[in-house]
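Below: the structure, in structure tokens.
Labels run A, B, C and D following the written order; every chain starts at residue 1.
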Amino acid sequence: GCGSDSDDGGSASDGGSGGGGGDLSITMLPKNLGNAYFDTSTDGAEKAATEIGAEFEEVGPDTASPDAQVSYINTVAQQGKSALILSANDPDALCDAIDEARSADVKVVTFDADTNPDCRDLFINQATAEGIAAKQLELISDQIGGKGEIAILSASANATNQNAWIDMMESELADNPDYADIELVDTVYGDDEDQKSFDQTEALLQNHPDLKGIISPTTVGIAAAARYLSDSSSKGKVALTGLGTPNQMREYVEDGTVTSFALWNPGDLGYLATFAAAALVDGDITGAEGDSFDAGDLGTFEVGADGVVLLGEPFTFDADNIGDFDF
Amino acid sequence: MSTATATPARTYSSYSAPLWKRWLVTRETAVIVLTAAVILYSLANVPNFDGPLTLKFLLQDIAPILLIALPMTLVIITGEIDLSVASIMGLSSVLLGVLHDAGMSVPAAALLALLAGLVCGALNGFLIAYVGLPSLAVTIGTLALFRGIAVGLLGTTAITDFTEKWADLATGTIGDSRIPLVMIPFAVLAVGFVVLLHFSTFGRGVYEIGLNDEAAHFTGVNVARTKMVLFLLSGVVSALAGIYFTLRYGSARGDNATGYELQVIAAVLLGGVSIFGGRGRLHGVLAGVVLIGVLSSALRLESVTVNVTNIIVGLLLVASVILPSVLGWAGSRLPRKASAAPAGPRPDKDAATADV
Amino acid sequence: MSHTDIERPGTSADVSAGEALLVEPSRLSPTRRALTTVLRSRELSIFLVLVAVVVLATTKNNSFLFSADGWRNFLLNPSILLLLAVGQAVVIITRNVDLSVGSTMALTAYLTGRLFIEQPNLPIVVVLAACLLMGAVLGLVNGVLVAYGKVPALVITLGTLYIYRGIMLTWAGSDRINAGDLPREFLSLGTKTVVGVPVLTIIAVVVLAVVGYYLHTARGGRELYAIGSDPDAAVLYGLPVRRRLLAAFVLSGALAGLAGALYTARYGTVSSSVGSGIELQAVAAAVIGGIAIFGGSGTVWGAAIGAFLLITINRALPSLGIEDFWQRAVVGVLILGAIVLDRILARRQARKLAESRDHA
Amino acid sequence: MPTSNTAAPVLALRDVSKSFGPVVALRAGSISVEAGSIHALIGENGAGKSTLVKVVAGVHRRDSGTFELDGEAVDFGSTAESKQAGIAVIYQEPTLFPDLSVTENIFMGRQPLARGRRIDRQAMYVEAEGLFQRLGVRIDPRRPAEGLSIADQQIIEIAKAISLDARLLVMDEPTAALSGVEVERLFAVARSLRDEGRALVFISHRFDEVFALCDTVTVMRDGSYVDTRRVDETTPSDLVSLMVGRDVDDLFPKTPAEVGEPVLQVRGLTRAGVFHDINLDVRAGEIVGLAGLVGAGRSEVARAVFGVDAYDSGTVTMSGKPVKARDPRSAINAGMAFIPEDRRKQGLVIDSSVAGNVAAVIRRSIAKAGLITGSMENRAAGPWAARLEVKTSALDMNAATMSGGNQQKVVIAKWLATNPKLLIIDEPTRGIDVGTKSEVHRLLSELAGQGLAILMISSELPEVLGMADRVLVLCEGHLTAELDRADATPEAVMHAATHQLEDAR
């Protein structure tokens, strides 16, 4: 469940039950630092780490590029940490480095964005691609009344999971009769940079005067798009939905720019990933299909095919419930 | 005065100072000592720095900078600068990816990428050496242009499916030593550049141009051609670095190696090359590169964020260029004091002019 | 000697207006002189390029200009780069360059957010002033190092580019500024328009006007040109070279600081990548606008038009059906084109003037 | 020096010294200038006149000695301070801002202001016109300074200086580039300033000017004060012997050599705005002197012939074979050697070693397979340095650490090492001490005796007349006279060097 831990935030510091286990050391490597979404997942991970009593630290580049991540993976290998939790900027580029880390027996758990399954031990999946795609189409569809032009504002053009979702959405649009009157006219990339996403939104509206809605399956993108819409003449005319964090979107849900959007709780994602990593290190699980492990407040989880662990279904935020969340 | 054909009236000692002095009392030695000190300190105090993987990762990380620093040193010694090297890396990286994606074998694609680097260098060289434009402005322009072409060709997508054996070549080590394979081509190039700069007539020309290009021109040094050659070298070596970069990370992206030009220039200046041209030696530069590499590696092991590393590199850069003029300024203070108290001509002055 | 051939019959009659403008402008009537100056000005020519781009884009897609947003964005988007370009222009005129503006901007952009988070009901002017001040201080650091360290500005500002951004990232850590952290009226500042003109644009244009006026009509302004035209002569002449250099860098820094605040107002979010790479755009804008990279000539008006051109091209590319990935390449071509053109024109002028010495 | 009978002198320097590294530019300079007087400062090239001026102007800070203005000790750290103190200086080489208008150049930093501290351009132009009127020249006040002839540049400098209305006006060779008419106008202005009670210092190499304008004259030699005389109590020949410090006649020991085949042939050499249709031959064993005012374009011609500068049209041939334009290498291979006028900037790489400089041109021939080491250079350079008796402790010494004379020897050595057929030498003795000077002259005539063809450019008339077998005179880029040794009199040369200017009016 998502609401389950709205006491999230900096609560990492409180107490810390297990304490002593210095032998268990976990490094968290997000796509890049200074990204609200990953800050939240790191908070969750840190919380888990304190509960387990693992030594925890977050490192990362300030731009989301794979080569920048490689040197951090190398460092983890040098330090001989027991586990690495990362969100991959590139499915293939990191594999060599990860192999090196694993041969220095570091357990590698990916979350949010996966690498090739054979590189890592486990992937913590926020939600099934189908689920996410369907959810966003459903939202946009009833915001634009089931007909009209829509466009997608994605992260970088080679972001693994965004691309997966976009494919799903495209096929869904093609097959599902409910969406017969919805036309996907354009897909643009904001590279998860505020200004770029902002300008891309402007370009979308400019080049597609009849645009009815925008889907932005990335937290940076949706925030920037909302920011642009909120004071453009298209406000209210062009619907916007996608994946965003409540804190970033609250402003725009309240001023009516956005009616609803979806997301899982990144905090839970990090929390779960940390428990999975710990389980791997302790040897409770090997990452084989069918293994199951306990993840603190979140209960027990089972490893699916290709070493994937599924967090749950995305959750929809709107004016009524957004007040209950802080991440 | 004897006639121009008479037998030499006197002979001269070749050197004013003993060998050890000429070698030890130099900026280069200072950098090398500093680097050694940092390494020793890290070995002693930074956990895991003495680990088995450190050397390999370190060399792999600094390899591109080591490579580009070679031609960059010569370029800066002539008093010019090349800010477009990182963009050339990006462009060659993208070309390698695109061509390989189009079914070309890695070596063939790499060859074309090198050629592209040569063309980039030629454009810089032509505009700077023959049109006579300031290298700063030109290479700021080509920095944008080359990067723009790279990004334009590939957008923000990445090409990652490189044949394993080539990728391994980039990441592999010599035998089961800890030295990455890339150090072999580097060593070859390094020797080549040392000979070119320090033991060839061409190299003498490079220094003369840096010290006084007008005098060099008056002495028959072909200033334009020399600069052209250097920018060609810079272009092709940058392309090589770009290829290595691509294969090592197994991903060809338009934004690969963004900002590397700053690290290269920082390292070169840190290594004792004067931004005004005419001064500097390659061994100092290589030490400078290693110094920066060791610093960032050690700091990463200490889990210091990349930002702090950048701050340190920036400070080192500023300090390394400021220091000489600060010392010079301090020196210039001394005669001023002398002028305060009107004294007769100072004896040492007379000594200096005794042989006039 | 050039001044003797004026009496010579013939020479005065058969020279073109352009020639006369160069060699003996006073021969032309004031109006004619003014006219020729404008017609032959670099500013006019790139302004025409700008117009061409706009017309082209608008014909392809008339919401480019003729829609509420189109018009607003046309004016609004360049305003931040315009501020940077003006500062950059002043520095380049003194034969220096300031590559640290992007990082300075990032620092003050974050400062803005911080201030509002600490003191939500801080008056906006205070925040703007704080950013100006911080920028000025950062600029002063550059200025001192350049003027007293006798080191090329290129290297110094390259270094401070690293340092300032490093400081910003360390300071910001992993937390970032969201629209939610900022007071409404500050955010609205980013898009508010007065009689169809965005406030940001008005601010930028006012700054432009003041600086432009100063450079043209104040002693200090002219001294900046003199210093750039021949630094050694400036020292021999006894101009306060160091003081002027400091002033130039402080101005550039302060404007970058202001730009940072306006950025936050405009985009509402401040992340680690704010303003990275924008320093090159600022240099490009100045160079394209006719500021000679060797200093001594050019006007901030030109730099301003250059900034407009860059941004507008960027906006126009999608409308023209070109992927905006190519924008960087376009910028590169523009820079190279501009400096090559300048060189050709300079050669032509030097030759004309040399020939004007001949009479035999 | 004369003790001032009334008030303290406006300017009083005593035993002022200034060195640049090891080069002693000024050893013991002294001068005392009264109000209402025009004081000539003379001395050979390199005597230290300009350095003394720059000390007064605050460009250089003196190493030692006393410096008084109206009796008060002063110590200027910058030219701004000296300006403040009411000193106006015309430097030897024009220092203008090329991008700015002539008027702005004159009034930079002190432009007339209208309301709101706005520059009043109109007033500025009017004032400039006034100044030009007073100097009797017509320069457009609105045109850029770029591209002005040296003479016009010099006039701008003069206008700049007199518009300062300073109590002390120092002029370092202001007339070097001026024609008779312009010189007269300048003198008129100078006299009126003197009558206003200002003090003037006037540096010139032309005695007629000194005697026409000045009342007192101070002579310098080798950076030291020699003597001060009232002009009406001395004669040119006195001054010359004071300047040179020995009898004049043994100065230029030109030994006649028999003249052979033409080595250098220049035909119709032209470069717009600089020189026009230059034709000249230099034969083996012959010294050809090239005379003219500063800015006449002599150096430009030499540079074009040697290929460091481009030219528009014309041909250069060495012993029959054409030499490629704009390519010093081919000129060197054809047997040319070129010793340029500015040692420090063009002659040698000042921050490089003696050996490096001497071996610079012959590098390729001493290198083995393009490879070269320091010791190779030393071996090649040693003998040549020795032949010219270059005085240095070791071959790896920085050339910058040597005296002007020794630097010149290094330059000569470097070119003789190429054993050339033709030697072009621009200002052979500028800024070198008397001893070395005559060594150089002896060397030149010896080389000519051994059949070397020599083209010598010099601003010093005695040098030209003493050394040259033939004298070519250049005026504003035109060859205006070719005189044989016999009929090359000072008058003839001077007339040829300026007559075209007179005609122009």
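Note that contacts are C-beta pairs under 8 Å (C-beta built on N, C-alpha and C of every residue); 3 or more make two chains touch, one makes a residue touch a chain.
What you are looking at is a predicted structure, and each value in this text was computed from that prediction instead of being measured.
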Query raised in the report: Is the C-beta contact count larger for A-B or for B-C?
Result: B-C
Report task. Considering only mean CA positions as chain centres, point out the chain farthest from chain D. Result -> A
**Report entry** Cα-centroid distance, chain A relative to chain B, in whole angstrom
**Finding:** 41
Query raised in the report: How many angstrom lie between the CA centroids of chain A and chain D, rounded to a whole number?
Result: 76
Query raised in the report: At what distance in angstrom does the C-alpha mean of chain C lie from that of chain B?
Result: 31
Query raised in the report: Just curious, how far off is chain D from chain C if you go by their C-alpha centres, in Å?
Result: 42
Query raised in the report: Residue numbers in chain D touching 2 or more other chains?
Result: none
Report task. Going through chain A residue by residue, note those that touch at least 2 other chains and give them in order. Result -> 33, 62-63
Requested in this report: Could you list the positions in chain C whose residues touch two or more of the other chains?
Outcome: 169
Report summary line: Listed by label, touching pairs are A-B, A-C, B-C, B-D, C-D
Report summary line: Residue set of chain B touching chain A in the complex reads 47-49, 51, 53-54, 57, 61, 155-158, 160-161, 167, 171, 245, 249-251, 253, 255-258, 297, 300-301, 303, 305-307
**Report entry** List of chain A residues in touch with chain B within their complex
**Finding:** 33, 57, 59, 61-63, 65-68, 70-72, 74-75, 77-80, 90-93, 95-96, 100, 104, 156-158, 189, 191
Query - Complex contact set, residues of chain C against chain A - result: 61, 63-64, 67-70, 73, 77, 169, 172-176, 178-180, 187-188, 190-191, 267-274, 314-315, 318-319, 324
Query - chain B partner contacts - residues on chain C that touch it in the complex - result: 97, 145, 148-152, 154-156, 158-163, 165-167, 169-170, 280, 283-284, 287, 293-294, 323, 325-333, 335-336, 339-340, 343
Report task. Can you check the complex and tell me which residues of chain B touch chain C? Result -> 81, 127, 131-134, 136-138, 140-149, 151-152, 155-156, 254, 262, 265-266, 269, 275-276, 305-311, 313-315, 317-318, 321-322, 325-326, 329
